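Both complexes shown next keep chain A, but they swap its partner, so chain B is in the first and chain C is in the second.
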Partner chain A sequence: MNYILSRNDIPKVLEMWSKTHQVFAPQKYSNFSAFLPYEGKAEQLCLEYPHNTRYPPKALFLPQSEELLSYTKDGQASEPALDAKPKLIFGIHACDTRAMTLLDTVFDAKDYQDPFWKARRESTAIITLGCDEPCSTCFCTTVEGGPFNRQGADIIMTDIGESFHLEALTPKGENLCKDLPYASAAEDRKVSNVQEKATSDMPKAFDTEGLKTALDANFDSSYWEEVQRSCLGCGVCTFLCPTCFCFDIADEAARSKRYRNWDTCMFSVYSREASGHNPRPSRKERTRQRLMHKYSYWVDQIGKIGCTGCGRCVRYCPVGLDIRAMLREAGKLPVEVIHA
Partner chain B sequence: MTDLEMKLKAEAKRLLDEHLVDVFIGFRKENAPLHPQPAFFTNSDQLDDFVYNNLCQNNLAKFLTRYPHETKIGMIVRGCENRSVNHLIVERQHPRENIIMIGVPCTGIYDWRKITQRCGEEISDVELSPGKITVKTSKNQFEFESKELLHVSCARCSQPNPISADLVIGEPVEPKDPARAKRQVETFGGMTAKARYEWFTHESERCIRCYACREACPMCYCAECFVDHGAPRWTESMVSKAGMQTWHIIRAFHQTGRCVDCGACERACPMDIRMTYITEKLNTDMENEYQFICGMDDKTQPPFAAFTMDDKTRFVA
Partner chain C sequence: MPNQQVSPYTPIPMHLLRSYPESVDGALRSIELSFDNPADCRTFYEAYDPGQFCQISIFGKGESAIGVASAAWEGDFVRFTVQRMGVVTTALHQMQVGDALGIRGPLGNGFPLNEWKGKDLIFIGGGSAFSTLYATVLHITGSSLKKEFGRISVIYGTRSSGHALYKESLKRWHENHEIDLFQTIDNPEPNWPYMVGFVPDAVRAVKPSPNNAVAIVCGPPIMTKFTLPILEDLGFKPEAVYTSLEKRMKCGIGKCGRCNIGPKYVCKDGPVFSLAELHTLPNEL
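Coming up: the complex of A and B.
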């Protein structure tokens, strides 16, 4: 069903949801925005920003540092309790919501389920705020998504001026909306206009047709040498990325605890082996890995591109490297035709 | 293209065409607004998208250490970059004779964060004219005096002019307001220990340990950084208070006598963490205690790296 949430009612409704859920919403944090627990401060909300929060909301399910177990000297180990208290993420953009569904294929796969990830996912409802003004750095429509993509959302929310239009997509979503007024037919019509306009306004950032073939065929191309020259080798692109999930497990003996920390293929220590050998010895191999993982290996594994086009890596790269330009160029690389 | 850009480009072309350099390090046109890219031209045909303006935020000396010593490198240097290069020569990271520095008297780098804080993050276009900047968003247009947008390190720059470049293009500019550096150090130093710790905690707690500050810094070229050591481990691996604070303190301390206050670390940080308030304190100490300013020539060792048999401290001799 479709419902209406007037702008003025947002604090009241968030208050109401807070009684049963821990509510996370995009709020001012330092000079930018992040998903933080909502503590009744409506003036802190950043629902009007066209761009994404700087820090990716994947951290709500996969915290940057997470305790996996603690142990004692006499050999006792215990795992922390799973986080199963009801949570609600309000106002997350479609690219970030969709990223969770991609990450489910890693942390909630047939052969392996991560209990920490799963507990948080199952106890969290997601209200996606569609983007009526996609940013210049956004390219969700290029990578199988869209500004109003519904994947992973319990409710999809559209800004129709005075109020937000909420379409409940799951029983979880319906349950959250039960105290809200229904949307009128006229309001429903406004929604389709907003959604269609936003989607059709977005140009294709690069061609994905044949991209994987070009990437695979050019694994050893000198292109990678060229494209990495200005790369600093920092972790901005991958840490801010909503779909990058690599982690490292570290024993912190002083705390008697084992932690899982985000890690990134852009660091040389990421792939350095115990012997000292590093199969990705330079930024060339590491840059290639970042792009190949998202645009080739994900496709091999789940048939989907592992990027949702949120644009954070484009926006915050300290040297202005643009994955869209990198892929546009990669797509033009020659693909050798092998005749049978 | 500005007159300065044309002259710089012509010089880059000459150096490449006459095979005086193997590579010319400059900038090229950005893909997304605000971030021109460092560029590595090896042939003058590649100079089409050459760009140089106040948004070129990286310290190009960073890239010097990536090349073998035999590589003949041509590069654009502003005041801070010139000093960085000088200091890298002191640290034997590249021989002076294989570097050709094309100097540019610098009018300061615009801090992209100051722009986004004033105009919102979604910027469609930026127009630069001398002393002025016009920023366009989908709904608004903003005009600023350039001095409003200077990065804090540029606003207090005492050495905007290249000091040992092989060729300088453009007229020398006046130093900005070096008194600001002193004021900041005094403000921070004048606070109670508790207040200083709160300030430091507030800044470091946003750290995501992406090490963009390290990677943007020309002086951070260690083959293995202390945070990456597995054994012994110098700091916690997590984004814990201890882990983040250790990183920020030790990173700064490793810069003692080596920092030119270019501010590249702060501009690279995706979390808007202020860092130069610590390094500026160290720079001030170096100047007051040892009369040393990093990078003023390419010979003098920084006090903490220098060794002499007649050292005043007894343990050395």
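Coming up: the complex of A and C.
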């Protein structure tokens, strides 16, 4: 069913949802924005920002630093309690919601499941806020998504002016909307206009047709040497990326705990072996790994590109490297040479 | 219940049963670990295939991925042969009998023994990478499995006789001919009765037949690099040559990202790959 949430009612409705859920909403924080617990400070909300929160909401499921276990002196391990509290993410953009469904294929795989990820996913409802004005760094429509993509959402929310239009997509979503007024037929009509316009306004950022073939054929190409020249290897593209999931595992002896922390393929130590050998010794191999993972290896593994076009890596790269330009160039490379 | 055991990141509690040096220089030690909870031992070996590895965990130090070097029939313990390299492996070398530690595993795919049934097996090993080959030979020869395979040969090279692992088993195999063991050392030593020279040359000299045979190559990269062309010259097809790879690993279950070669994770899609499979993957060893 479709419902209406008037702009003025947002604080009230968030309060209402807070009675049954821990509510996370996009909020200003210091000099950036992130999905933070909503504590009644409506003035901090940044639903109107066209671009994504700088800090990616994947952290709500895969925290930047997370305890895996604690241990005693005699070697007894205890696992932290699973987070099964009902949670609600309000106002997350479609690219970030869709990223969770891609990451599910990693953390909720057939062979091994990650209980910490799974518990948070199962206890969280997601209200996607579609983007009526996608910004210049966005390219979701190029990579199998869209500003109103519904994958992973319990409710899809559309800004129709005075109010937001909410379409409940799952029983979880319906349940959240039960105290809201129904949308009128006229309001429903506004939605398709907004959604279609936003989608058709987005230019194609690069051609994905044949891109994987070109990447695979050019693994040993000098292209990688050229493309990485200005890269600082800071890793911000991967830390802020909603589909990057790599982590390190480290013990903190002072706290008697074992943690996992976000890690990045852009750092040398990431793949350096105990012998000193490193299969990715320079930024050339590491840049190649980042792009190949998203645009070739994900496709091999699950048949989908592992990028949702959120644009964070474009927006926040300190030297202005643009993955779209890199892929446009890669797509033009010759494909005759297939690596042995 | 202190341990909920729902997480694949929680190690099975173990303690050190035995620890002994393998190589003369002390760089390699075998450690044998027993299970705090005896039922875990059965579960472990029921799930185990030779060629698999574990993450050995010491709380406060970390984890290290090491191949299993024992067979189920040997007893209620798991053996690992550990080269002293970093923080965890140094701590493993220094552990005392009874000390607590843990393992996660068995991890990885292991050798496809079912596909190899009825064939001759030629194990080619060098240095410390011999451990999982040794475990595989023990697994086969110590059980009724042996009659399901053809001839079992081992070509094993080390820097010197003192650097060889599992010296008692090697001695036994030399004496009882349970398997065809060809042992080689890099440089001549007085009274050394076996071969002298590098592993690739030993393979050329032994000249194993590729007919209905599988070659399994595990050793330092340089040994593997020069052995593969010789196997090809002898007529071994890429589908009949297997190797076990190593990479920096953390989770061991295909989540943490770092051990990929193209779309394959060495930790869960490997560590065992046929040469034919490796040919389909990017050259990023």
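FYI, the second predicted complex is superposed on the first by the 336 of 340 C-alpha atoms of A that agree within 3 Å, B and C clash if a C-alpha of one lies under 4 Å from a C-alpha of the other, contacts with A are read in each partner's own complex, and residues count from 1 in each chain.
Following the convention adopted for this analysis, a residue touches a chain if its C-beta (ideal position, glycine included) is under 8 Å from a C-beta of that chain, and two chains touch if they have at least 3 such contacts.
Source: prediction; values computed, not measured.
After alignment on the shared chain A, the placement of chain B and chain C results in a side-by-side fit free of clashes. By the touch criterion defined above, A:S222 reaches neither chain B nor chain C. By the touch criterion defined above, A:D111 lies against chain C but remains apart from chain B after alignment on the C-alpha atoms of chain A. Of the two partner chains placed around the shared chain by superposition, chain B is the only one that A:V319 touches, whereas chain C remains out of contact. Using the contact criterion defined above for the overlaid structures, shared-chain residue A:D300 touches chain C, although it does not reach chain B. Of the two partner chains, chain B and chain C are each touched by A:D248. For the superposed model, the angle subtended at the Cα centre of chain A by chain B and chain C works out to 90 degrees in steps of 10. Residue contacts after overlaying the shared chain place A:S200 against neither chain B nor chain C.
Superposition on chain A leaves chain B and chain C with their closest Cα atoms 6 Å from each other. Where the contact sets of chain A with chain B and with chain C meet, they give residues 248, 250. Looking at the complex, you find that chain A touches chain C at residues 68-69, 71, 74-79, 82, 106-107, 109, 111-116, 216, 219-220, 245-251, 253, 256, 258, 260, 263, 265, 270-275, 277, 279-280, 285, 289, 292-293, 296-298, 300-301, 339-340.
On chain A, the positions that touch chain B within their shared complex are 29-32, 49-51, 54-55, 64-65, 133, 135-137, 229-230, 232-236, 239-240, 248, 250, 252, 254-255, 259, 261, 264, 267-269, 314-322, 324-325. Of all residues in chain C, those touching chain A in their complex are 2-11, 13, 15, 59-64, 85-86, 89, 100-102, 221, 246-248, 250-251, 253-263, 268, 279, 282-285. Here chain B touches chain A in the complex through residues 30-40, 57-58, 62, 113, 116-117, 120-124, 138, 206, 208-212, 214-216, 228, 236-240, 243, 267-268, 270-272, going by the rule given at the top.
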